[in-house]
């Protein structure tokens, strides 16, 4: 692979997210192509490969990575399969974009952290795509500019129209609030040190066994206070908002006012119905940024450290949730590779 | 009447607007009471008077004004009755709040203008209540501050949910756009010198014979350009907006975002359904301002000159509308009393 | 006093708030006049009385209430003087509008609660003026309509540009958050059962000894969760927002978008600089509502029970704040008079 | 060129716009590469080509089109050079994306219209990039859905912070308002039949000889009325807004509320400073849409007919502007190829 050449990507996992990344690389991303797809379901892999010129189907990640035509790996398989795929990529020293979660728990994330350190250089970008959303990027730039002074509080709203079948209290933390964990760490540049989870009486629309909404409070190493309303059966749509309250002012994102109508006695607009609508461009930018950095021979974006830290905060969050009390987060010291 | 005493008001006309002013003076206005009501329909006058302590019913404006208990006059009878009532008030030198229009045409307005000049001092405040609306007041203050530089254009929207039965093209000018005529003159401090009326294909909701919406363009003595969308069957509510475009920026009023909801896939709020909802406080402030000024022995607010100028612009507007071409406005020189 | 007669009010206390109420009753309120003013500083009382026709100055509340010309009492003296003034008014069975706090602590509030019950009917309206703010009234009406289903959470922001000299952590609860306590109880129709106070690292603009901002969490008897950001040195202005999160949607008030400008690279508007600007009309409506109800022989609005409950929640809040832990609120059973 | 292969593009013109398209195709667009660049300034062409792998520099469009490696042509040279480049592309039957204007006047546009018809199929997409802006696309979809009924009026604002040196009254029409001409024709699906240009007294910030702002009114074949405020020295930023007023309601785009801040007594956000910031994604989508359609063997988007119609309306507009009166637009009948 030369710096200017087209990046040939092996996509591991061809479920909903994997198939969407195949489409994205084919139709949206400049400078990349899908050279291989992998799925334990060989038929599904073949069917996806058939739609892409010069794309080979595999059932084993290691086999795809051994393909001489493959320059880089995008992991979109289920979380429990990530560790093996990452280690296989490390063996061939291939650049990786790994969908979140890095791995399903802090212990396994720690093993990946150690493996990448043994490699001696960063190879992995973790798929926290909100860092590539134009509004979050603007908020980050404003906070970093210092115009508003130090951030003191961060209020977050994270709402889904309805939860998918089988959604549990733990998934509320691990699949949903994990985004606010990463956003908090990234926007503030501080680790999360403690988590508290509060629960109002659930909505009548919550499925049996799910306590929805919940209200999660983070404390950070720099003394900021972060609250997250997570409400996955709000009924009206998908909405992600963040408001930073700082020493000299506040900044809020997530209102999305692209078109305003007046009709039938009301003014206003539509609310996005899912994350695909709200974050489509963030996914596009994330993959493009990964392709661009990889073609330059660099690794940027959320690191394995970020994936590990999120896993550790999730574990504390699930414990805080089930035990009903403030829970401290345990993190190892940050290795030099991620300084 | 001492400056501090309660102002005793005779209300001429007890139709919808008159009855509302009786209620307003009784229940909302500080320092005033209704001492007399007048209506050609004596039964209606009696019925309104019966609900107010110490209030006498009359069928003749002059008789009410002769009542020793009457300090001031509020004229809310139909427009054609205004001239006689104004002249009667001038005979007793009583302060008057006269609902718009001052009189139905420029010729009669000119007679009032001359009569008040003969009196030697201003006695009349004309009921252009938008000058008392908090948003227009803010816009006026901003323009007068000079922060935005000179106003170059003024874009206006004037929308009603539906027109009342019998509404005509001429009423579109005389009853509706007349407000933008006064607002233009007041905000810019310039006379209107020409009017053009343009007509798109009407909405299917327009009643037979009414060309709705229309688009009216004013030119002013200072070279500003003013456009007014008048649309009285817009269906969704009552909406009045104004956007001043100036040398250093713009300012817009009329969005009214008091409460924002998210439900059923939409964000937004309600649109006012009529002028009572939108301008209730403007009416309250207008009458309070009149009472306060009157108790201080002063006359403030829109003058007979403003009433006359509006009538002259209306006449040009109706001609421009029916003849389909730009029409110049003819005004006498401004008398010293209104300098 | 007949139902239709003008209400003659004695205003107790002629400091900033008392003097403003004197002005309000004189210039804004329909159907009322100031008949007496009281201040321990006799010169100040005389000076205020001199500006009002037919108004007598006193230094003792009881003396003013003995004045045959006095129909009703407005208490705007410092909190510690409220108990004696209320008991004096009860002796003469006079209607009272008592500025918040009802009294400075729960024990004294309980004594007033008992005294009013002995009287056998309600005589006191407590000055929680947000209940008269047009935006809060709209939010209350929407919640009561049931359109959004049951309220699950209420997010509040309460920001001041800068705190007055001598402001303490306890005042943050007793003077500022007390408004959200009342608003919570009123909007949700539920008592507050527990309070938690969290503290991020303070802003560099906080005066020595003040922990600003703070984040207060209420739990309610009906299982709702309420959070309040209280930030009294936010620098940019005065801002009060409330967002109700319900089963079928959300509703937010407090954005106040009356005029939008575009200039110098920015769009937007001004932020109110203090509560006088933001809540001027709420104060006007509060006093008018009290005058109207009193003239009808009724007592409406926030009751002594509301004043007592606020005092009890404040005590729990200050304890939660100083001890750094969740604190339960102790309330007596609600007496039948306030059912 | 197979349908799936990478599209090899010759970019004609390497000035500001051409160089930006080279960057776009290299870094943003999926499925395309720059195979050749052309500039009369051979050094500039070579310098641009040097930065792109496998790209050859030419000084003649025809020479680049003769390059066997070239599949398609993007014309970004100055308007007067377009006709020759288009005819050269027609000779080789190459697909073309031609920046606006198609050609500098209606007569030359008519020649292109005839040449393409002789070819027998569409080959040209004209660069009216607003049709690819997400907000305009939403507005178009809403209008086409019929939810709002028939569009009656379209209010447009088109503002620049400052005009470039040498900007003239005619350029106000030909370079700026031409966008609203195309948007009007596209959104309403109607031809423009007459143009009127009104001029308020210019801003003090207008350069010598430029009458700025101006107010342009279009009438359409379907009876809609369209107004355009064009103001190229508004000082505060770049702003493009459109409000469709329809039978059942209105829809407005162009407010762009991505992040709201509160600081220093104001709420609000930033205004884009130029069209690159405001329409960056529209350009990206436009080129991607052209590449995608071309790879599928199709021609979509604004046609030569749209380019010709815009040129004809521009000519009427400039005449209306200089002669100060309503001017009718002359169009030939629409050829079958563009039905």
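A, B, C and D label the chains in the order they appear, each numbered from 1.
By our rule, a residue touches a chain if its C-beta (ideal position, glycine included) is under 8 Å from a C-beta of that chain, and two chains touch if they have at least 3 such contacts.
Heads up on the chains, UniProt names are A, B, C, D = Inositol 2-dehydrogenase.
Note that the structure is a prediction, hence the values are computed from the model and not measured.
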| item | value |
| --- | --- |
| Farthest chain (mean CA position) relative to subunit D (Inositol 2-dehydrogenase) | C |
| Comparison of C-D and B-D (more C-beta pairs in contact) | B-D |
| Centroid spacing, where centroids are CA-atom means, of subunit C (Inositol 2-dehydrogenase) and subunit D (Inositol 2-dehydrogenase) in whole angstrom | 58 |
| Between subunit D (Inositol 2-dehydrogenase) and subunit B (Inositol 2-dehydrogenase), distance of the C-alpha-averaged centres to the nearest whole Å | 45 |
| Residue list for subunit D (Inositol 2-dehydrogenase), restricted to those that touch at least two other chains | 234-236, 248-250, 255, 260, 262-264 |
| For the subunit C (Inositol 2-dehydrogenase) and subunit B (Inositol 2-dehydrogenase) complex, residues of the former touching the latter | 4-5, 25-31, 53, 134-135, 138-139, 142, 147-148, 248-253, 255-264, 288, 292 |
| Interfacial residue positions of subunit A (Inositol 2-dehydrogenase) with respect to subunit B (Inositol 2-dehydrogenase) in the complex | 234-237, 239, 255, 260, 262-271, 273 |
| Complex interface listing, subunit C (Inositol 2-dehydrogenase) residues touching subunit A (Inositol 2-dehydrogenase) | 149-150, 152-153, 155, 198-205, 213, 215, 217, 222-225, 227, 229, 231, 234-236, 245, 247-250 |
